[in-house]
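Take a look at these structures.
Look at the two complexes coming up: subunit A is in both, with subunit B in one and subunit C in the other.
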Partner chain A sequence: MSQPLLSVQNLDVSFTFQDGDYAALKNISFSVYPKEIVGIVGESGCGKSLTSHAILGMLPTNAMIKKGSIQYRGTDLVSLTNEEWQSIRGSAISMIFQEPMTSLNPLLTIGRQISEVLKKHTGFCNKEIKEMTIALMKEVGLPRAEELYRAYPHQLSGGMRQRVVIAIALIGEADLVIADEPTTALDVTIQLQILELFRKLKQTRNTSLVFISHDWGVIRKVCDRVIVMYAGHIVEEGPIEEILQHPKHPYTQGLIQSIPDYKKRGEPLHTIPGRVPALRERRGGCPFVDRCSLRMDICQTTYPEGKKHGNHQVKCHLYAQEAINI
Partner chain B sequence: MKYALYKLSTFLMTILLVSLIIFTVFQVLPGNPAQIILGMDADTQQIAQLEKELGLDKSIGERYTSWLSGFLMGDLGDSLKYQQPVLDVLKDRIPVTFSIAIYSILLTICIGIPLGIYIARTDGRWISVFLSMFTQLGIAVPSFWFAFVLILVFGVTFQLFPTFGYVPWSESFIGALRSYFLPSLALAISNIAVVIRYLRNTILDQAKMDYVRTARCKGLREKTIMYGHILRNALMPVLTIMGLIVADTLGGSIIIENVFALPGLGNLLIQSITSRDFPLVQSMVLYIAILVILVNFIVDLLYKLIDPRVRLKG
Partner chain C sequence: MKKHNIFKSIPLIIGVSFVTVLTIMMLVSLFYTPYSPNAMDPSDRLAQPSFTHLFGTDNFGRDIFSRVMQGSQTAFLIGFSAVSIGLFFGFLIGACAGYFGGWIDELSMRIIDAMMALPGILFAIMLISVFETGIRNTIIALGIMSIPSFARIVRSGFIQVKQFDFVKASIAKGAGSFRIIFQHILPNVTSPILVAVTLSFSGSVLAEAGLSYLGLGVQPPDPSWGRMLKEAQPFMSTAPWYVILTGLFITFMVLGFNLLSDGIRDLQDKKS
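Up next, the complex of A and B:
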């Protein structure tokens, strides 16, 4: 396989509160290869968004990287200065946010908000920048782009605003785009249109995408590979179809059983009892132990090692004997 | 354009309403003006004669319309004390008060806004805490006290600025700038403090918004984010405060003009109230009211200019 574009190794992130430090991400390792779409799934509070913020160097002020590295094309991002970050953001790595309603500045025109990225990172003249912006606006499916260039966010619908946010992320031709629940705040029909747009962009552009969602339907539509996170840990990772057909971790199994399906019409929807433990409640052992129906004694005390079956990887004591250690 | 016309019509309606209120208030004030002019021992015939001359024998409605039409024609009647048209009395006073008011508002903007940005940017550091404490003081202490302190320090001790009277703009620009400096600053200090505190808070609020995160993700420099994104949004509420400050400044000038012995409108207002010069007081109150309404009208237009979301009923 080719060199990874992004490689996260043994990343630990902690929050500092008055009563001490609490680990929010533990031992996170994964890679993203060129032209690949990787999904990150998990319930709220699992650390999906925190992972994406760490990759962009935009952790909240009370959060800190304790250990590990984040490499982008071989450069370690963890030790970058502010100026170095500014040259990476927008042009090498960019991000699409969940809330299209609030992620745009209400007082600036759409055109200015998109073209700003080019003004910062390239030396094109204003006319070229405007042409490139309008061309991209058309590419992401904004109708009457010339007119919308001068429009303000409040004049646009939610779906159109999300297309603007996507255009902002794409205009700098970043190699890696992180999309944090980009369709969650949208109507289902608009959601589908935006997912279609991602699929189209996957074919037309050389961009890798990290797609964060709690919605398996969304993940299945766009992703090649999926990472399942639980309470700050990666519990399972593998190709999307493989995970959907043969989930190994009890948490992944629970999640997949919770997907509503026509075949299960009339039956009550499956749920995983309990909730994600809060930061302060997390202790040693497997983080899922309290909610797991298959728990063993060892789960209470020891954190499971990662086991690899081909390109499918799982961290669970159930599979301790089965496969090769990594 | 539609917005401006709508605002203009409400502006005119408000002035009409205010003129009606002012007129009514002066009608119900105790004391017959004719009696006041002629003194306590005038006989009833003389009083009736003067009432007729002043038009006091007509009905209230007639008097209101004649006063209002007079006002529109630029004829506000004669001042009782000065025995000359009200406009002539005001003519010399207006430049003094306007100079102080405009000067002090410019000082408020030029000092308050940069300091507000600075304090927001250094939020959490000791310098910011220190300056915030001072703004608290600036709000709490009345302007005439600042006036005394400024006179003592700059006028008496260092003798940098004159402490009373003024130099007209036509005579010497620099001289006028110097002579108006202390009163304007005394008037501006508490407003500066208000603007600093307000701007700091709105900037810090705006800095938490999602669009700032988007801007940061674009790789923009912190300076660009502050001046290109945050500041515009943060200035909207400050604009509202500025409207109030202008009204406040006109009121505050009454005290400050007395401290610095400046012959302005504030000074005149107090004199004409004590001498019951009703035509003068009535016109001045109307002028001040119109000015305040005008400032609010301008603020409304500025809103529209800054924020594209502002709509008719917005």
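Up next, the complex of A and C:
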């Protein structure tokens, strides 16, 4: 495979509270290759959004990168200064937010909010910027682009706003876009349209996408590869179909079993008992141990090593033996 | 926002009409007053209101209406300049404190607290007695007096707007602090600032009247409503119209701007 666009290595992020530091992300390593859509799934509080914010250098003030590196095209992002970050954000790496209703400034026109990125990062004149903005608005499927250029966010529907947010993420020609649950706030028909737009944009603009979601249906529609996160750890990683067909980690298995399916009609929906341990409750050992139906003694004390099965990687003691056999 | 909302707010209507009438009066007085405001006529002292002297004359035989008109210039000048000073520094302090937070916030808010601990009018009196009386020092003193309220309002607006998603989104666009403060947050905090501006305007007019009444504000020959009140005091029983009419104009001005700010706040509440 070619060089990765983004490579996160052994990333640890901690929150500092008055009573001490608590690790929120532990040993996160993954890569995103050019023209690839990588999904990150997991329950709320698993560190999906924190990971994405770390990639953009937008961690909350009480969170800190303890160790590890985030490399974008070979440059380490962790050590960047504020000014260097500003030149990366929007033009090299950009982000799509979850709520299209609140992620647009209600008092600025659509055109101005999209073109702001070009004004910041390029030297084009105003006329060129406007033309490029309108062209992109058409590309992301906004009808009557010239008219909407002067419209305000409240005049647009949710789906249209999300297209505007996508246009903002794309206009700086970023080759890595991080989408933090971009379709969660939309209804299903619009969701489908937006997902198709993502697939199309990957083809036409060569953009790589990190797609954060807790919806397997959405992930399956757009992603090439998927990373499953649990309590700040990556527990499983692999090609999407492989994971859906043969999930290895008990957590992934539980998640996939709990997808509603018409074949399971009449049966009670599968759930994983318990909840994600809060930051302060996390101890050594496997983070999933309290909720796992297949737990062993070793799970209480030792954190499992990552085992590779081809391009499918899993961190679980169940597979320790098997991996050696491979 | 729908148009009919604006006309439904009674305080706003009254406030706007008071302020409009006073503004027109002030503008007219720049070119025309019925009599020269400082022309004395010893033969016609303390005349009752009549068609020749609409508001009567004072103890030197000067036309009170002309002096009231002229005095509105001072009131507007002081209100406008004091608010500008207060808004400029208050915005700067409040925006930095609210946006950056941390020690900047802590430090500037403690300074603001210290300023607020002194009663405003005493603080102004202190400043004026250390330097000297006159319009300029009155403006500076009243301007400094209004910094804390602006700083607090701007700060709380910034803290509130700062955590909205679109601010995060603009950070993700690569925007710097300057752009975020002025392009993204400022437009969203204009309405509370507008309320504070009108309120602080009337506060400054009232404070100026108070200072001038004490003889610490505007000095002769610059006309001032506050000083006119002081001059009218000895003749309260013989020429009550002098003190009543002058006082009425101070009331109109203060009430007008207060109602205006109430009206703006009403509109804002309806919107949200």
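As a working rule, the second predicted complex is superposed on the first by the 323 of 326 C-alpha atoms of A that agree within 3 Å, B and C clash if a C-alpha of one lies under 4 Å from a C-alpha of the other, contacts with A are read in each partner's own complex, and residues count from 1 in each chain.
Everything below uses one rule, namely that a residue touches a chain if its C-beta (ideal position, glycine included) is under 8 Å from a C-beta of that chain, and two chains touch if they have at least 3 such contacts.
What you see is a predicted model, and the numbers here were worked out from it, not measured in a lab.
With subunit A as the common reference, the superposed partners subunit B and subunit C clash. When the two complexes are overlaid on their common chain A, residue A:Arg150 makes contact with neither subunit B nor subunit C. By the touch criterion defined above, A:Lys264 lies against neither subunit B nor subunit C after alignment on the C-alpha atoms of chain A.
After overlaying the two complexes on the shared chain, residue contacts for A:Arg280 are found with neither subunit B nor subunit C.
Shared-chain residue A:His246: touches no atom of subunit B or subunit C.
In the superposition on chain A, A:Arg199 contacts neither subunit B nor subunit C. After superposition on chain A, the stretch of subunit B whose C-alpha atoms clash with subunit C is 3-11, while the remaining options among 3-11, 21-29 or 57-65 stay clear.
Put simply, subunit A uses residues 56, 58, 86-91, 94-95, 97, 99, 102-108, 116-117, 120-121, 165, 168, 172 to touch subunit B in one complex and subunit C in the other. Contact residues of subunit C toward subunit A in the complex are 101-102, 164-166, 168-176, 179, 183-184, 187-188. Those residues of subunit A whose C-beta lies close enough to touch subunit B in the complex are 56, 58, 82, 85-91, 94-95, 97, 99, 102-108, 113, 116-117, 120-121, 152, 154, 165, 168-169, 172.
Chain contact summary for the complex, subunit B toward subunit A: residues 209-211, 213-222, 224, 228-229, 232-233, 306-309.
Note for the complex: subunit A touches subunit C at residues 56, 58, 61, 83, 86-91, 94-95, 97-99, 102-108, 116-117, 120-121, 165, 168, 172.
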